[in-house]
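Just so it is clear, A, B, C and D label the chains in written order, and each chain counts residues from 1 on its own.
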Amino acid sequence: MLRARQWLYLALEVQKGGAWATFLNHFLMVLVVANVVAVVVESEHAIYEAYAPFFEWFEVCSVAIFTLEYVLRAWICVESEHIAFQHPMRGRIRYLLSPMALVDLVAVLPFYLSLFFGLVDLRVLRSLRLLRLLKLTRYSHSLALLLAVLRQEADNLISALFILCMLVLLSATGIYLVEGHIQPDKFGSIPRALWWSAVTVATVGYGDVVPVTLVGKVFSGTIIITGIAIAALPAAILASGMINELKRRRESFRFELVRAMENGKLDFGGLRYLEKMRVKIGISRADARLVFEEVKQETRLQTYTNCPHCAQPLVIKHPPGHIHVRPAKR
Amino acid sequence: MLRARQWLYLALEVQKGGAWATFLNHFLMVLVVANVVAVVVESEHAIYEAYAPFFEWFEVCSVAIFTLEYVLRAWICVESEHIAFQHPMRGRIRYLLSPMALVDLVAVLPFYLSLFFGLVDLRVLRSLRLLRLLKLTRYSHSLALLLAVLRQEADNLISALFILCMLVLLSATGIYLVEGHIQPDKFGSIPRALWWSAVTVATVGYGDVVPVTLVGKVFSGTIIITGIAIAALPAAILASGMINELKRRRESFRFELVRAMENGKLDFGGLRYLEKMRVKIGISRADARLVFEEVKQETRLQTYTNCPHCAQPLVIKHPPGHIHVRPAKR
Amino acid sequence: MLRARQWLYLALEVQKGGAWATFLNHFLMVLVVANVVAVVVESEHAIYEAYAPFFEWFEVCSVAIFTLEYVLRAWICVESEHIAFQHPMRGRIRYLLSPMALVDLVAVLPFYLSLFFGLVDLRVLRSLRLLRLLKLTRYSHSLALLLAVLRQEADNLISALFILCMLVLLSATGIYLVEGHIQPDKFGSIPRALWWSAVTVATVGYGDVVPVTLVGKVFSGTIIITGIAIAALPAAILASGMINELKRRRESFRFELVRAMENGKLDFGGLRYLEKMRVKIGISRADARLVFEEVKQETRLQTYTNCPHCAQPLVIKHPPGHIHVRPAKR
Amino acid sequence: MLRARQWLYLALEVQKGGAWATFLNHFLMVLVVANVVAVVVESEHAIYEAYAPFFEWFEVCSVAIFTLEYVLRAWICVESEHIAFQHPMRGRIRYLLSPMALVDLVAVLPFYLSLFFGLVDLRVLRSLRLLRLLKLTRYSHSLALLLAVLRQEADNLISALFILCMLVLLSATGIYLVEGHIQPDKFGSIPRALWWSAVTVATVGYGDVVPVTLVGKVFSGTIIITGIAIAALPAAILASGMINELKRRRESFRFELVRAMENGKLDFGGLRYLEKMRVKIGISRADARLVFEEVKQETRLQTYTNCPHCAQPLVIKHPPGHIHVRPAKR
């Protein structure tokens, strides 16, 4: 029983444990994708009509499997390394409140809700199943990286979007003042003008609403050009966020590496451990190699540092980039 | 009286001072947002007709409150830490000329102007109230960061937009030469062609004006592709500006940290102070932690050093990345 | 015979070897471009009709030449410096499986396939010749750099596109729920709505499908604004990838430089070698000069050091940023 | 005579020399702008008709002035600090072949050409005057920075645009294969399809040409999404180029600073010199301050480095980040 739980934990959470574990995870991924496809396809009314029973049956099965998965994950979470999750009672509750668990819950909840009080709009309900896509985030490292960056930079991004909204609002007001009386149905009020300004500032430009007067064109021309600068803010924020995040990860990998080389040399176990850290920290092989090169360069020095005249060791112990000199005991 | 002024200063400018202060600030923020919503909504003529008295009343109230706020801020500014603002007379004048104070002024001035000589167009006047949005910039750190970056890079951004305008101008000229005689109403002169080229270079592409001849299409095709490279300049400028700004802030936080650790260890007060600095300088917790890690690494060395001449232990105290030598207590 | 093979290897793979080699490479490049032009032009039916025999003849010649090139490259690959390719049998097989060789194969294969079983659609077949463009990648360093970055960041880019697709899917679902009943032909089902949402999120905005209801416009307005942030992810990923890649290259050039200066000074041969490395590593002259400056600065120190125990001069020899100590010759 | 030449050189090239020099430069800038405005305005036929004589007169005057400027600059160039330009004969020729001089030439040449053989199309001729805009690049530092970055990254940008063109070509071929028979007039051949694919990949999306079949929409949907990633390349290239360029400039400013502080302290003259360097190198005040801070931190150490037990100097001489220890003479 316990061994089963352990195996399941490794299989589901660490995605280790041989062919069966791999199969299990792939099966779950395929199932999620299949669900999404089903949602998309069955929204086409004719198709749904034709295969309604199949879709119902598929939905029931998936919900059953996802529920089972949800329960199992709640059962095995106590195997986690995190002390927080190890307590049979409190640990499980903590797990159930963790983001991934909530995602799993959201993936099945709507179905049960609709069972108990079926007065939800079916189409809305079905569409909610798209949220099952979120379950995939568990399986990709780079996806996790991007989401980490997005979370890191959330404040800045929101501020950038706030600035964008201010620009949209101001340009809507401007066009409303300039062309409100010419195209009253499109620019007759700020709320109506907002549609045009949002579409324009975001450089989507459907062309269903376009200024016609000279003044209007000059005004929106300036808005368009300046809009380029403002619309570039998110890219800038994400770029700097990405770079910082990777830098931070390289640094923490460097710390791991330095610690692992304390004794000057790396045995096979140490390398295995480092590789695991690399994947867990999530930096590319190339970067890891670069860090490794540098640290090796530094530590290689320790062996050369005897004074050849009095042959006394000049032990160098330093974090990258720093140095100091200690004479040997006399 | 003085205590009240002090409390008000902390509440309004530092946003400290318990529940009432928080309430006060939130109330002001909500009021600003409500004003903006009002401006947007009442621009819809029908709605304005229906609730004109309410809108008038709301406007009067808000102006009253904002005026009061303006006066109060002018009254309390002498409590500031900046020596520049502490003089009762000159300090207040200096404050009134500071950007934030001018924003507050702009938020109420139009109303009074319209009272004295009411010949301003009402719609323009009302729209001006949107500028009250600027009052919100006082409350967000990341917004301040973005504005700082935009100010930093203003020159480069203007140059980039200048280059963009040159491209717009040249492409307008080109299309005017190529298709001027085919679509005289749209490309018949450079000014007319400018509308198309601005919309195209900014990749908005309404589609209300489109080249039709083969030559025209080839020409604007090349413009479109090269335009991508030019339109990418602002993003590049802002990205590098963002990265530099954050680097600068990390550095100055590092200086703070090193100074705070002069005596080798950090007490609780020091940590509180550092946290305050972190928020004030405006870098993320993750970055702060990284800087902290590094500085700790460096200072960890202090115990290992000896003077090379008399082999007595030395204590290293150094700014990040550098080293100098001081004797240990005997 | 062997000398010919050697010359051919230098000419074709290293692009060295005097006027004839240059001519050979330029001829091949021109031929590729001519082929692409031919594909594009002859797709215009009228033109193809007029000059069919010429196009056929040109195609046959080019295929002949490319085949010859393919065979020759397979013949000469054993001259390579890479030990992997030097074995007459295994080496050649390895080469034939290398990306560049496969590109060369793809450039000619379709022709032969169509000869043997001619039941391929001619238009598809002809279009496949466009892939010959890939042969050009062999001749540009910066192109190789960009492709390296794209490969490096492939995972992150795919994740970013995955996030984009999720946004597209969700917005399609949203618009389908909101306006499905108003424009059933356009938003009547998620698959149909997908077209609109893809065009919108990518800010292409053809304008052939546009929301008309207020709710629809509000919804897609929010999607458009938030879309800007998500659509900025690839730019951020590529920017950070580019910066890291260049940093890595500068580092490895620095290693080369330090190694070349082991003996403290650089002779002419060393400089020639470094220049070759610079081009091969692919960093700009300006960067190389900067690295050179720094390393020189560091090595300038070598004259100043003494052993702290016996005060005899030491020579510092260190990898960039680090230091270790070796006695001067007596 | 010589003094006049010297004054003119300072005024025109260094933009130094009191009110008259400033006036001179501003006058030239205004004149350039006025010329551009004239070109734009007179392209409106009606306006040109009305004021033809004025426009002619204005054109003649400007050409006269620009010619005078051109001659003067050629006359005074020998005052330059660059040894290359100081030789009365060869120096002047060298100057005349420098980019800025060629720009000045291009600004006036068309006029004279049209005089001698007047068979140039007048409209084309007039439009060429827009190139006088380039004369403005002489007056802005940040503009020079951007152009430097663009030049630096020219190769990479061209490669990026090449990749973009490949994508455009492939998508054009794809849509031609998929919808060629449905919309023969728009997708009937690759050349025709190119217009759509260029407009689409660049996310301009006029909407004058849109795929209609399901397959076509699926295909162009994938092109659009992947197009985002490719179209992000220029932004990435420019961002990394910008960052590197600024880093290089900071470094060279740092070298200047270290050299200026060799003797440990900075006198007023040194600061003036550094400020001049800062402007010339073109880095922001904030960056300069940061570099200054760091270097000060480093050099401040030199005073502390006596061993307090044997009171012997431990002279630290290092480029930023490096250190070594030398015992005092015994």
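Keep this in mind: contacts are C-beta pairs under 8 Å (C-beta built on N, C-alpha and C of every residue); 3 or more make two chains touch, one makes a residue touch a chain.
Being a predicted model, the structure only gives us computed values, none of them experimental.
Student: Once the contact rule is applied, which chains count as partners of both chain C and chain D?
Tutor: Both chain C and chain D are touched by A, B, going by the contact rule given at the top.
Student: Tell me, please, which chain's centre (mean of its C-alpha atoms) is farthest from the centre of chain D?
Tutor: A
Student: Suppose a student superposes the Cα atoms of chain A on chain C; what rotation angle should they report, nearest 5 degrees?
Tutor: An angle of 90 degrees brings one copy onto the other.
Student: Rounded to a whole Å, what is the gap between the Cα centroids of chain A and chain B?
Tutor: 27
Student: Measure off the straight-line distance from the CA centroid of chain B to the CA centroid of chain C, and report it in whole Å.
Tutor: 38
Student: Go ahead and note the Å separation of the Cα centroids belonging to chain A and chain D.
Tutor: 38
Student: Got the chain A residues that touch at least 2 other chains?
Tutor: Residue numbers touching two or more other chains: 160, 194, 203-207, 232, 235, 237, 239, 243, 321, 323, 325, 327.
Student: Would you tell me which residues of chain B are touching chain D in their complex?
Tutor: Against chain D, chain B makes touches at 152, 155-156, 158-160, 162-163, 166, 169-170, 173, 176-177, 180, 188-192, 194, 200, 203-207, 210, 217, 221, 224-229, 232-233, 235-237, 239-240, 243-244, 248, 251, 255, 307-310, 312, 314, 318-319, 321-327.
Student: If you look only at chain C, which of its residues touch chain B in the complex?
Tutor: 203-207, 235, 239, 308-309
Student: State the interface residues of chain B toward chain A in the complex, per the touch definition above.
Tutor: Checking each residue of chain B against chain A gives 36, 39-41, 43-45, 123-124, 127, 130, 133, 140-143, 145-146, 149, 157, 160-161, 164-165, 168, 194-195, 198-199, 202-208, 231, 234-235, 238-239, 241-243, 246, 284, 286-287, 290, 293-294, 297-298, 300-301, 304-306, 308, 311, 316, 321, 323.
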